[in-house]
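There are two complexes below, and they share chain A, which is joined by chain B in the first and by chain C in the second.
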Partner chain A sequence: MKSHLFTLLTAALLALSLSVRGAHAATLPATDDPEARGLAIATMSDETNLGFGDTKTELRMVLTNASGQVSERRMRFNTLENKDTKDGDWNLMVFDEPRDVKGTAMLTYSHILEPDEQWMFLPALKRVKRISSVNKSGPFMGSEFAFEDFSGQEVGKYSYLWLRDEACGDRECHVVERRPLYKHSGYTRSLAWTDTQDYQIRKVVYYDRKDALLKTLTFSKYKKYLDKYWRSHDLYMENHVTGKRTRLVWENISFRTGLSEKDFSQNSLKRAR
Partner chain B sequence: MGALGVCAALSAIIMALTSASSAIALDIELSGYIEPEWRHFPNDGPTPTHEHDFGSIAGEIELAFFDRSGDHTFIVTPFARVDEHDHERSHVDLREAKYQYVNGDWEIVIGIDKVFWGVTEFWHLVDIINQTDNVESADGEQKLGQPMLRVSLARDWGTLTGFYLPYFRLRQFPDPVTGRPTPGITVRDERAIFESKDKRFNPDAALRYTKTIDVFDIGLSYFKGTARMPVLDFGPETYDGVSVVPRYDLISQAGIDVQATIGPWLLKLEGTRREQRNQWYTQATGGAEYTLYNIFDTGTDLGIVAEYMYDQRRLDAPQPFNDDVGFGLRWTANDVQSTTLLLGGVHDLETDSTAISLEAERRLGTSFKAQLEVRLLEKAGTGDTLAQALKDEDMVRFRIAYYF
Partner chain C sequence: MKFSVDGYSRFIVNNPILVIVLSLIWAGIAIYGITNFRFTNDYRYFFSSENPYLTAFEELERTYSSPDTLLYVYQPKDGTKATSAQALQMVEEITTQGWQIPFSTRVDSITNFQNTRAIGEDDLEVRDLVVDAGQTDAEMRAYVEETILNEPLLVGRLLSQDARTGAILVSLRPPRDDTMATSSIVQAARDLRAEMRKKYPNIRLELTGSQMLSQSFSEAAQSDLSTLTPLMYLIIAAFLVVATRSLSGTIATVIVIALSAAAAMGFGSWLNIPISPPVSGAPVIILTVAVADCVHLLITALVARGNGADKKTAIIESLSINAQPVFLTSVTTAIGLFSLNFSDAPPYRDLGTLSGFGALFAWIFSMSLFPALLTLMPMGASKSVDMQSRIMGRFADWVILRRKPLLLIMLGVALTSTALLPRFTFNDRFVEYFDERMDFRVASDWASDNLTGIYIINYSLAGDGPGGVSEPDYLEDLDNFGTWLRGQPEVKHVASFADVVKRINRSMNADRQSFYAVPENRELSAQYLLLYEMSLPYGLDLNDQLNVDKSESRLIVTLTDVSTVEMQALRARALGWLRENTPEAMHVEPSGQAVMFSYIGRRNFEAMTQGTLVAFLLISACLMLALRSLRLGLISLIPNIAPPVVAFGVFSVIQTEVGFWTSFVTATAIGLIVDATVHMLTKYRHARINLKRSAEDSVRYSFATVGTALWVSSVILVTGFMVLTNSPFLINGMLGLVVSMTILAALILDFLLLPPLLIEIDGRLRGDAPSAPTSTPTEAS
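Right after this comes the complex of A and B.
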């Protein structure tokens, strides 16, 4: 009975912490239940993004190889929040640069454990192709990002294990190990540093299929939108094996632009520009 | 319509729109490419006037105007090529010149546009809206702009699109004196015979319905109008021993195309049932594409495609895919330069004719792309008249495009 009461109390505190901004680690499940604590941290982080509606963003990808050569990509990325929290968001990505792929567009209905549904539009042939979503771990546009690194980060995609709390820059972070539950991931696990104040991810370290250290992703230049939604404007991915780096710069982000399901159809994929 | 007429009309439209754009806040986007090309045919052609090497340059400009809401769009995409020897290959085409209006589920397009239907790789069977730009490439992938009125409605039950196609585009053939690849006969485009009394102005119509159900992407289509592929009939009325007059029949065609996307497998099927000159016949193609991702931990992908092609008319079919298998390997490097290699082969099970192609492409720097293409007729089967006619037309092509 006593433990039951404790669980209830924890749940109540957790619920309270979700509604109160700047929640403190004290309201999380105790450190002797690292799985529940890890899940709670991920859930709280996810909840900070709840209700964003839709976003239109412009982004720039700067690729640097081991010898320092630089090349750039530019694209636009529209996202529609799925009101069904048990399912993933919808994305439409349009490439602007390099110029030879201008107008190439990709529509994704992401799911949590089921495979995503993806279509690609090839402007030269005016052809829409349904593509396999198995390829979520391959290099995205020759970069150090894989599609899975910046597609939906829904809570249900991973199992969690809280490892420790430690300083991260000028903040305090929870360090949580995530193991993908979806198929065809390129990683056995990743470690995510989530700060204890705003519950935003500050750093992720990825381990490959053989559990060897592969990449580090650092999030910086966070800005708050609509007084609630945090977005990092600078995502820096370093590949420790190849020495290559990719910086993803989110240049313009607009929220609640009036996008609807109609803007994420195959017809709109052909029109995307 | 002459090239000059097109240019004059275009510049008038562009000037009108440019001045309108400042008045009603239109966004303007300009992009395109310019692409020098070299083609080499190692074997002698049917006559000494048929050249071995062709220098050429092509360019395409897309000029797009759209209002801030994105509901109204106007796009003009002229294409032009100048070829050193082949006068038929030197040509101008409006790939697009369209006004597009979107209102919720509805989309309306008026003007010249390109539309693609289908799922298979080797033979685009159900795809019929646009005429093939036959002088551009031998693979049939390049299309001429088609004048149309298109209305589309996208709802939960699927997407339904209606097409009205008021004008027919003739298929062009290489210059009979110098041009290649050539089957060694002259096709007299200018004397083309039409079954329709309205000739090029026959009102063609089409309907297409598409729907995604789980792993299946399904398309159903119907077309009634002039066939895009001419019949080259070597009878006394159309063939004088040297040149042949192409004949364009009226057809009705019902088509289906389905793709199932299951893990790394893409399973594809296209089929048509067609009526032409009171004869009904079935055509079909289908197969599988399987992709091996991150082969040997290199970060590169290898796709394997195998498809079968069938025409009920078998050896009487006036097109090459009657009982053929196609096999392809597509290697994607996933590197910064987007390097890809495509190796393909088509084998005719009845005549043993075999054609092989290799295509390689790679970005150079940020704005250039190099493409190498090799096409070989490995074997021309006995009794395969088309393959026999093309047996000396092997080709190497190299292009470097500058994109802006």
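Right after this comes the complex of A and C.
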């Protein structure tokens, strides 16, 4: 999912970890150093997204509860890669459906270990509100996704431990345990399956605060853009405790659309609709 | 037939060791199943899958979140406030630790409450109400207290109005297929309580909630099983020795009882029946059946010994005489117990199945192992038994002489009792099922006196289509319903989505109190909600209050320790209010455990009454076949049905409120009720048909042959069941009392009503003239 919300690694991390360039499994640290190996895998995965510039996408979210009741949300999502590699990306989300929130727009300057900065424009109130909160772990629009599942998967957000390599579907994957470094995360840890060929995340399993299995996120329908950037078009999150599911469908992704910092300002929020 | 029984009996007394070994092997195989024991204390197991209240409950669980709870309630002992620095520190710790309790999905406390606050005109802050509790100063604590006392979601639920008592609520979702989930939850919850009590000795900390209620049910049942039940066995054994003066007979009886019960429980495990609290009552039911079987065999053998027969001959004679009636009582009792399968509640079905098999095991062991054991042990003549049969003979004469007044009095008692039955009302107060000796009762009473209760009902109220919860009209209705509910005497607290929206509205408008109201239009509410939801942390979201398309919200109502009758009354009033004041989509019934359990008493009693009647009809049909007499079969209905009726009739004089324990009574007593009737009738018929005696002489014969066995087994069982009245668990206590009364009623009716009935009906219809009393037959067969 790193793929969606972009991110750069810090130069320091890069330097520290490896001299990876056109990373290959052969250059990974040995299996007797699982921490370095885990970090290297995450770094290589993150690197595949380097330099994407900006993207515009449309998002459809389908929520299903344990009784099978279904509800849909739609939004548009613009992202600007942060030039500062020590920080998270910027994004602007405009809600289209349900109708009563149409035109509501949310601007986020995401940060790695600090609370994100967030502003929201409410058309019914015709005002921009700044939201001050440390929380990134709550459900996004009532779905099974938390904002932290879904926003940038910068390398600096976790500590890593490589566990094993194993088959995942018709590919081979590295299985890496990630422990969030952000104090207010909703998880103790997650396991990420990253394939050994394209270094894209295929599956993530989340464990709650008591380290009990909570959710599984599956990525599918990967497509390659600009000959380099992979994007999954179908993210499926299943909550094992409540039986609720959410499918997140990414549509009409376009790269390098000419977005700039001024499109991610508080003033731009009001124009966003 | 007699010949083959005779051959069988000879085989047993001649090969006692072989019989014992075979019995033990057979018992061993059944008992081996115990290694697969599966316990369950999941209260949902009480409801069949087609039960509408369970369906509603599960729908609620799927739509929102699980309503299972643990509630920590605390109060500083020194009279300081529940918002003191130390108290807040403990709350913060329990809140954090609460997430570690198995299957917890949410922890709500005054420290992690997501407080919204306006900073200036356009900044909204959403954060834990208390951060770093240990560092708070007086000013901060005053702000916290003021915020809580003005927040309807918190006051009266997580902090009392006087700010002296506070609570931490842990919501859990134990998986359905893990029958031991509750035990692991409760274990972790108690460990946390112990740790906190040690760390904060100045704060009283108690633990209650729906999971504690579930656990208390099974702990109460288990505690009785390990203390009172053995005591009951002991008293029964002691009485048996006194009544029969036969130590060997007593030992053999106790072995048969224990093996029958153990084999039935093991067999149940082979059938994959989980051990739920009701099922743990099976050993006691099996005990009554086994005692009755053995006492008949023993007493007949002792009588024969008294008449000069040697040991083996006495045993053979006893087996021959009792083979048919013991078989008949076992089969009919098993039918009666299997009738528990009519119950709506699966644990009762299991109880019936297990006890039914237990009755059959008791029959097998008492007809094989029991005589084999007797053969190997010394058995002298019992003067006591001998004397008792003589007394029985004189007693028979008295009954026959006074049969007309007895008939009138007894029928009068039975009819009066029947007339008293409609006075009963079904009312369960679940907390009061446990007396003050139990931790859960103390904690719940204290919590209820100081802050809140554990009875929670939920209304899922629908708005107008997807997103409808944001409509001002809907929110106004919701708010008004909440206000109405808060005015009801049974209601402790109401958590309404309307209060969430009102609070956000205020915070979005610079915390101006004038905006503490439902927003003016739907878009505004929906957009506030979107913003607020974005700012909530893991586990503290609104998914437990809103469904996925935001067309319905859940109103959570906490009640005082209401009885089921009060609960149903409130439910009816609430529905009336909704009908009068809201659109049709909101005219709904509440759901939740408290609602489910409020119907369990009546639903089960109705199912069980039908089941018991069907069982008695089947038993009578069996007796008609076995006795080859339509008339005797019909007559048997009266002494079978009358004992529980009379017992409940007398009980109604003491108390007219009954609970769901009543469903157990007849099932538990049925072994003895049927035993008494069958033995009296088979002996009567034997005398009447085979010995061609008159009705009166046949009655004398019945008394002389089985009277002693009947009164001995009845008195033993009455005494045994009286032990149960000492239980801290009301279900067992009441069961002990009313079963004792039922057995006593059965004995009295079989002695004082059945014989006059037989003489007046059977005697008259067969047209033989009442004869003068003749000498009492003392020899058997």
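Throughout what follows, the second predicted complex is superposed on the first by the 248 of 273 C-alpha atoms of A that agree within 3 Å, B and C clash if a C-alpha of one lies under 4 Å from a C-alpha of the other, contacts with A are read in each partner's own complex, and residues count from 1 in each chain.
Methods note: a contact is a pair of C-beta atoms (placed from the backbone, for glycine too) under 8 Å apart; a residue touches a chain by one contact, two chains touch by 3 or more.
Just so it is clear, the model here is predicted, and its values are computed rather than measured.
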Combined model on chain A: chain C and chain B, fit or clash: clash
What is the contact status of A:Thr27 with respect to chain B (first) and chain C (second): first, second, both, or neither? neither
In the superposed arrangement, which partner chain does A:Thr48 touch: chain B (first), chain C (second), both, or neither? neither
Who does A:Asn82 touch here: chain B (first), chain C (second), both, or neither? neither
In the three-chain superposition, say which chain, chain B or chain C, touches more residues of chain A. C
Once the structures are superposed on A, label A:Ser159 by its partner contacts, choosing first (chain B), second (chain C), both or neither. neither
According to the stated criteria, A:Ile131 is in contact with first (chain B), second (chain C), both, or neither; which is it? both
Touch check for A:Glu117: first (chain B), second (chain C), both, or neither? first
Output check: A:Ser265 vs chain B and chain C. Expected answer is one of first, second, both, neither. What do you get? first
Stretch of chain C hitting chain B after superposition, from 20-28, 470-478 or 650-658, is 470-478
Both partners, chain B and chain C, contact chain A at residues 63, 65, 71, 98-101, 125, 127-135, 137-139, 141-142, 184, 186
Touching chain A in the complex, chain C uses residues 59, 61-63, 65, 99-105, 119, 122-127, 173, 466-467, 470, 508, 521-528, 530-531, 533-543, 546-550
Complex contact set, residues of chain B against chain A: 29, 31, 33, 64, 66, 73, 100, 102, 104-105, 107, 114-116, 119, 141, 152, 154, 159, 210, 212, 217, 259, 261, 263-266, 291, 293-294, 299, 301, 334-338, 363, 366-367, 369, 401, 403-404
Contacting residues of chain A [partner chain C, same complex]: 63-67, 69-71, 95, 98-101, 104, 106, 118, 120, 122-125, 127-135, 137-142, 146-147, 184-187, 208-210, 212, 241-244
Report the residues of chain A in contact with chain B in the complex, numbered from low to high. 63, 65, 71-72, 97-103, 115, 117, 125-135, 137-139, 141-142, 184, 186, 262, 265-267, 271, 273
